[in-house]
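Let me begin by handing over the structure; questions about it come next.
In this document, chain identifiers A, B, C, D and E correspond to the written order of the chains, with residue numbering beginning at 1 in each.
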Amino acid sequence: GPTLDAVKGRGFVQCGVNAGLPGFGNPDSSGNWTGLDVDYCRAVAVALFNDPNKVKFTPLSAQQRFPAIQSGEVDLLSRNTTVTLTRDTSVGLNFAPVTYYDGQGFMVNKKLGVKSAKELNGATVCVQAGTTTELNLADYFRTNNMSYNPVVIESNDEVNAAYFAGRCDVLTTDASGLAGTRAGVAPVPDDHIILPEIISKEPLAPAVRHGDDQWFDVVKWTVYATIQAEEMGITSKNVDEFVNSKNPEIQRILGTSPGMGKALGLDEKWAYNIIKTMGNYGEIFERNVGTKTPLKLERGLNALWTNGGLQYAMPIR
Amino acid sequence: MAQTAGAARSFPKGEAIIQCQGVHKWYGEFHVLKNIDLSVAKGERIVICGPSGSGKSTMIRCLNRLEEHQKGSIVVDGIELTGNLKNIELVRREVGMVFQHFNLFPHLTVLENCTLAPIWVRKKPKAEAEEMAMRYLKRVRIAEQAHKYPGQLSGGQQQRVAIARSLCMSPKVMLFDEPTSALDPEMVKEVLDVMIGLAEDGMTMLCVTHEMGFAKSVADRVIFMDRGEIVEQNTPNEFFNHPQSDRTKLFLSQILNH
Amino acid sequence: MAQTAGAARSFPKGEAIIQCQGVHKWYGEFHVLKNIDLSVAKGERIVICGPSGSGKSTMIRCLNRLEEHQKGSIVVDGIELTGNLKNIELVRREVGMVFQHFNLFPHLTVLENCTLAPIWVRKKPKAEAEEMAMRYLKRVRIAEQAHKYPGQLSGGQQQRVAIARSLCMSPKVMLFDEPTSALDPEMVKEVLDVMIGLAEDGMTMLCVTHEMGFAKSVADRVIFMDRGEIVEQNTPNEFFNHPQSDRTKLFLSQILNH
Amino acid sequence: MTDNVHTGNVPTGSIPDERPPSNTVGPVAWLRNNLFNTWYNALLTILIAWLLFKAIPPLLDWLIFSANSFGTPPQVCRQEGGACWTFVSEKLRFVMFGTFPYDEQWRPLITIVIIIALVLASCDRRFWKPWLALVWIAGLTAVGVLMWGGVLGLTYVENTLWGGLPLTLMLSVVGLSVAFPASVLLALGRRSQLPAIRVISVTYIELIRGVPLISLLFMASVMFPLFLPTGVNFDKLLRAQIAFIMFAAAYMAEAIRGGLQAIPKGQYEAADALGLNYWQAMGKIILPQALAISIPPLVNTFISFFKDTSLVIIIGLYDLLGTAKAALSDPAWRGFYREAYLFIGVIYWVFCYSMSKYSQKLERDLRRGHRR
Amino acid sequence: MASETRDTARPSAPGGVSFSLSDPTVRAVFYQVLVVGIVIAVGWFLIHNTLDNLSKRSIATGFGFLDREASFGIGESLIDYHPRDSYGRAFLVGVLNTLKVSIIGVVLATVLGTLIGVARLSSNWLIAKLASTYVEIVRNIPPLLQLFFWYALVSESMPPVRQALNPIPGVFLSQRGLFVPVPSADPVWGTMGFALAIAVIGVIFLRRWAKARQERTGQPFPIGSASLGLLIGLPLIAYIAGGAPTALDVPKLQGFNFVGGVVLTPEFFAILVGLVVYTAAFIAEVVRSGILAVNWGQTEAARALGIDSGKTLRLVVLPQALRVIVPPLTSQYLNLTKNSSLALAIGYPDLVSIANTTLNQTGQAIEGVAMIMGTYLVISLGISIFMNWYNKRIALVER
């Protein structure tokens, strides 16, 4: 397909990411991009070129992301984007498997003494422009017969700044984002609490634009490969031990028995490379957002189906 | 004053409408007018000449307080010109002025130019003001242009309108500051003709001009200024034929040979 | 043509450098030039006069196609002026023009004004162009100002530079459009002197002017225009002393009495 | 005719000059004329003097006297009140150079110096010679080499990492130098005798001038590839630059058109009469004068253009304003926006103010050169 | 007397026709065809690519989305708006917000700019210097930076909503903005509005009558104070006649926020103050140069006629200065309107910000940007047409 050819010809992947969401897409103090979304960009680069650095990151605001992917400004949008029907159809996107199951939540200052989102009638809410968050917020207050004052600002930084300055009572975004903001941005993290209500389903997934199914396949199976690897216990540390495994399923994934790579138009070692350099889904999760990170997120819905979560890879065969 | 040649002559003969005594003026450090004594009788026609920069304009502009003098006294029509705004406005009503560059109001028609001051200063009804304006416009032979704008007229026509505009205030004195020097030669005559007509009607006039023909034919008195002082004043006849001071002679030799 | 008084006389005597035949021109609906027939011999000096608006400027501006004529033919130095840009450029090289308002290029020095066209149109080396320019500037007695800007010169000096600038293209014909009418009276003479010098050197000249002294002393022929037509043409002597048409007589009485 | 005007002995005046009365000159007279000439002016003077007296000491106090010295940690700053200049010293390099690799930041520094030197050199009218263009080409090449690297042993730096003052300067300087020739053509096009060319120029100019710059930037930053064949694309910085050029060209064309209109018809005629062709007449006669006349409006366009480079923050490029905001979003330093905005405000101001002063000087110079 | 040559009719076509490139008409046609060709080719290329790309990526096009439910909230709106309204209505809210800030901004900037421009010409040295300092500082700093500054200033230096400042009873100032009380609903307000309308009509007639009277008798009528009296007096009478109700809708802190009264939000405040302060500096320059452009001779001539300084300004100087001022003032108005799009950066829901959200929720990028540009073009065109009409009306008639 045209996108895949273009990427191959160019020698790197153009990936749209969040400009500043700790744990998902964020440049660290030395300017290196980090985060779960970022790691999936790298994983695709590894699948194609066996080099996690063959990616060029384009930081995008919520409002810029769809025009950017539509226009071809980026090949892959990995920017905590919620899968919705409109986006799949009229925006013209194809969503890869969900990399993070999220839900929208609220953060408030402890001093307000609010315990539940149901108590937020009349509150002023800071929200980023052009997100599903903005829509869910409206829906939630509508269904609960409450009113609110939105303060809608374009960039995430500005939204956070407005909230912490006291312009709003409530900050709303995906729960994972709230955790990141509280951990990384709040002047005093303990002054703020995240309310228990999760008001929406926010399955976050990488997306590509319509028109190149092969490229879509590459991205889709890159994600599945990491999940499948976790299911089988393959990690970046022990992957080499599995190379000689007799398990035909493992052989197929790691390319010991050929065929899968060719079908995707990739090197037979594609999955091996991904796991070796980026790790499996669990590793990526823990590294970026897990309990040992400032975000301190539990696996929850993002646990494997075998552990009662939702992460379920399609069979690689 | 002994210095002023011809000062011994008994000017003016009639009742004085303008009286300047010991008038001095400075621009910053620059002494422009030096001890000006001048008395103008009702109906008198005075031509002022002198080299460029000698203070002619400054002097007549002091007479309606467009410039402020710093020493001496100026009394016009019985009113002394001091800082008092009321007095100044009273004097300005009685003193008409025509400028070198016409200074018509470009956003008003000829007629409106003429009626503006009568309506707003003399508080005349519009109809009356217009009627009078048309009379004066006719007199300067430009009545048919009354509804044009100044920008549509030639220089000579504009200057005639400017004269009519001043006349509409029925002034007692008219000041002219080189009224023809910004005009094309063909237009000089039409303006001079109007001024001669005015003079014949007995208007008190002070006119800064280099048109010596005009001076000879209408002036009662010619005043020669140089470096801020009145050097000589005399009847035109005497002035042109028997200039007293060297400076006058030099000046006359220059302009008449030209 | 029988209509044109004096047309029976045998002008021009020599070889014709300019030939106009039945030239007409309109501005919109307004007929400015009517059936102009004119032939100018090499070395001839022609003065064109006539009331304002009679089409004098328009006529000579047609001769180097600053204005386009709509009917008739104009041949200059053997080249017919049509829409063809090549021809127009060729003609303009051979025809110098001096305007009422000088139209010097204010951003260039006097010398640069003079060398611009020789360098870019005649493709002369710079040194040669400058040398020639200095020669002509000397001739108009202004060489010492060569490195000043036009804005630093008086009107008379500027007009002399404008003449020198035209001469630098070594034109075969010079056109003058009221070259002295924008000048202060003191400066008229210096420009006329230069033009007289040119005439004495045998330059073919067409000059719109009201300086009748000039016409009398240098012109081979005086052309009188009115309302877009050539009303009369004759030697200066005849023209001034025995004007044929009434319009000419009226005109002469006006300008001479002024 | 004899030259009689300036000969002969000029007699001197008979009354000697006197000094003006003392109450009309000197400082007291100045005060009276400038501050207390009427009763309402006297009142206003007193009122304003009182306001200034109220406002200036606290301002100076915040700025200087009770300002915290360099090195005071932010927590202390917050308690002390006063300006916290540590913020500026701490974040100076980030604000100035953005995310350019820390150890390589001497490169953007030299870039700034080169660009400023180029601009200063071009300000001197003696240097307005053809070789100046060569110096510019050389200078901009050097800037490119320094910023990108990848040759001469310099490490390669992607332009997504550029930021701060070099980015601001490059966007405006490169933008203006490309937009300028384009705008001259547009201005000529708008005054062309050929209807089609005139219509196209007018449409372009009016269309661009009718919409806000940010909508153009937005289009350039995210929608541009839609307009190109699939797979063809330029880099984002370049596209922002193109948007700026399109924008600046339209505005500058209008400034130049004003100058063209001010050239008297006689100049065109004189050029024609000398036999110059269209391009010679334009290049040698009309444009030099028209551009000189257009300098004040042109410099005004330059100034507003320089200020407008700050809008790239909206499409995610880190120019000077972008880096300052990024520095402010550091949780440790949140709230020192007065210091941050004051600092970059001063930088912008110095550039713009010197430009406007320069244009005034140039205007005076040019006028003096041409007139008596 | 020689008979005149007959006026002949103008020939319809010029004489010789030739087809070389040095013939200007051929050349003109050639160049124009060339340029138009290039423009059409480039345009076709871009449009073709766009359509191609859109279809390849199966992106829906068209404006059908405008009828769909917007389902996002908007912070402030001049008309009733609810998330269940359509995208079209949301966009309209944005347009109205843009118009609101532009119109109020234009008025305030004109007033402030005129004051400062006149102050720069003041004979009071201190005022003149102060005004020029203002102009030099404000003009030379990017407007976006000034907006950020104003926004940060309100959101950081105002007290939190619980500790709102209460300078006048009923008026509250906090991070949520300025809340002021409005009179609560009462029939008397309607009557007062009616009385005001009558007063306006009365003033118009009074002016006519005064003018006619002056024309008749020459006596001017104190029209200014009389109109003012009428405009204030009539509604006041209506108010008292209606029982002089004093009930106010006073904002009260309720839950998270003040309820009641009207609010000036920080976002609106920041964008308005930012635009006004910035544009006023430019308008000041326009006004100053306009006044300076009126020849001093005009003032002298008026003075010499005995017209006092106030009337000189009103009757002679201002009418002429306006002609110089209006064209550059028009471009300042246009700039202010276009700069209102910077509202995006500080969260004021103007048309750009709402269109951006819309195009983001719907994916209709091209339509969205087209709507933004189209709306601005229409607004700009409207301002230009109005100002050009006004300029024509006051233009000087020249020879």
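FYI, a residue touches a chain if its C-beta (ideal position, glycine included) is under 8 Å from a C-beta of that chain, and two chains touch if they have at least 3 such contacts.
The model shown is predicted, which means the values in this text are computed figures rather than measured ones.
*Asks:* Going by the contact rule set out at the top, which chains touch both chain A and chain E?
*Replies:* D
*Asks:* Need the central chain here, defined by C-alpha centroid distance to the all-chain C-alpha centroid.
*Replies:* Taking the mean of C-alpha atoms per chain, the most central one is D.
*Asks:* Determine which of the two chain pairs, D-E or A-D, is joined by the larger number of C-beta pairs in contact.
*Replies:* Higher C-beta contact count between the two pairs: D-E.
*Asks:* Please flag the chain sitting at the greatest distance from chain A, going by CA centroids.
*Replies:* Relative to chain A, the chain whose C-alpha centre sits farthest away is B.
*Asks:* Please tell me the distance, in whole Å, between the geometric centres of chain A and chain B computed from their C-alpha atoms.
*Replies:* Their C-alpha centroids are separated by 90 Å.
*Asks:* How many angstrom lie between the CA centroids of chain A and chain C, rounded to a whole number?
*Replies:* Each chain reduced to its C-alpha mean, chain A and chain C end up 84 Å apart.
*Asks:* Distance-wise, how many Å sit between the C-alpha centres of chain B and chain D, to the nearest whole number?
*Replies:* Those two chain centres are 51 Å apart.
*Asks:* As a quick test, compute the distance in whole Å between the mean CA positions of chain B and chain E.
*Replies:* Each chain reduced to its C-alpha mean, chain B and chain E end up 49 Å apart.
*Asks:* Do you know which chain C residues sit against two or more other chains?
*Replies:* 85, 186
*Asks:* Considering chain A alone, which of its residues make contact with at least two other chains?
*Replies:* 2, 67, 70-72, 154 - these are the residues of chain A that touch more than one other chain.
*Asks:* For chain E, give me the residues that contact two or more of the other chains.
*Replies:* Touching at least two other chains: 53, 56, 152, 156, 344-345, 356, 365.
*Asks:* Could you list, by residue number, the parts of chain A that touch chain D in their complex?
*Replies:* 2, 5-6, 9, 19-20, 27, 30-31, 56-61, 64, 67-68, 70-73, 154, 157, 160-161, 164, 184-187
*Asks:* What part of chain D is in contact with chain B in the complex they form?
*Replies:* Spelled out, the residues of chain D in touch with chain B are 2, 4-5, 8, 10-11, 13-15, 17-21, 24-25.
*Asks:* Which part of chain D faces chain A closely enough to touch in the complex?
*Replies:* Going by the criterion above, the answer is residues 99, 101-102, 158, 160-161, 218, 221-226, 230-231, 233, 236, 314-316, 325-326, 328-329, 331, 334.
*Asks:* Can you check the complex and tell me which residues of chain A touch chain E?
*Replies:* Interface residues on chain A, with respect to chain E: 2, 62-63, 65-67, 70-72, 86-87, 89-92, 112, 120-124, 129-131, 134-135, 137-139, 141-142, 148-155, 158, 162, 165-167, 169, 209-211.
*Asks:* If you look only at chain D, which of its residues touch chain E in the complex?
*Replies:* Chain D reaches chain E through residues 33-35, 37-38, 41, 44-45, 48-49, 193-197, 200, 207, 209-215, 218-219, 222-223, 225-230, 303, 307-308, 310-311, 313-314, 321, 325, 335, 337, 341, 344-345, 348-349, 352-353, 356.
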